[in-house]
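Report on one structure; see the data block that follows.
So that you can tell them apart, the chains are marked A, B and C in the order they are listed, and the count of residues begins at 1 in each.
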């Protein structure tokens, strides 16, 4: 079963908790056991997990700024004369896909393990997230 | 088919080879061809691959220490007054999921490509690892 | 359905666009909807996505050089007296697997979101890439 949803972001490594949205799609599917693939379309966003609290959100933003600083020179800026070289590099490191097990129609994730969308682009965006559910029964 | 196993770790970016455990679950399933999803529950651990030998284990621990040093200030420490901000950040970068192809009931991995659990937490932990097998036949 | 293809690389964080190859395997399968798992065998290569243009390729190579510099000391070099410690570390951070949704027999990726093989090894290599297609219908 495949479906999608959209998320509005502020860009600039905005980090958004999408756990409830993914679980609600799983709930509606009524599929009991298997894996769920989550995928964000686009080359300047990524998916991961974090304990979703404001301190860690900031810690995570700081580590991406350290790995690929926003104001560094990027060769990519010569291609389109834009400013999002850091966004692409960060997205390639994190990747846009996750595959998560579920059982009894519930995501098998920890209490403090929220699914997050990170939008690395330098301005606000509307993101499409694809969800594919595969039964293992 | 879905099952799980537990691994005791020493924490502190302890790196444990779980290849044999995953292969033995696949062997017992008797499923011949497909993909196997491996997932560690919790927000301070991750999964990847490495040629499992002591030198590389140390090299990998050193690069995580460089990316997110243990003794740096983390905003997260103000939330619970604990000390594992680095563990969360490292885990979010690495992610807790892997999806691996298999054929003839064997993991399709290289000779030097071992599956590893990395426990980034600052103390020893017991980790639950979920394994889901999906046939492609 | 499972198949594989081979790619010749120059090593040294060579970045190769494999999107067309993966899409052509999907086209030939005639499977309409599901997920496709892509996996590179070996411990010194990885898979991700990028807007495939020369500037970003160079930006991405530079960030890997910053994270795990080629000429740094690696404990791994004592094991085999070789020089590819950086290659292993980079590959463990990036990981060798991707799982991508598809619909109407087409990969659900963005216009600027190409699938890439990154070969981190220090010399040219021939890489085997496994493709497994799982229907969700």
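Rule of thumb we're sticking to: a contact is a pair of C-beta atoms (placed from the backbone, for glycine too) under 8 Å apart; a residue touches a chain by one contact, two chains touch by 3 or more.
The model shown is predicted, which means the values in this text are computed figures rather than measured ones.
The two copies, chain B and chain C, are related by a rotation of 120°, based on C-alpha atoms and rounded to the nearest 5. Between chain A and chain C, two chains of identical sequence, the interface residue sets overlap only in part, with shared numbers making up under half of the total. If each chain is reduced to the centroid of its CA atoms, chain A and chain C end up 20 Å from each other. In chain B, 67, 93, 95, 99, 134 are the positions where the chain touches two or more neighbouring chains simultaneously.
Residues 1-2, 37, 39, 41-43, 67-68, 74-79, 85, 88-89, 91-93, 95-97, 99, 130, 132-134 of chain B are the ones that touch chain A when the two sit in their complex.
Residue ranges on chain A touching chain B, taken from their complex, read 33-35, 48-51, 53-56, 58-60, 63, 66-67, 93-95, 98-101, 103, 108-110, 112-113, 116, 134, 136.
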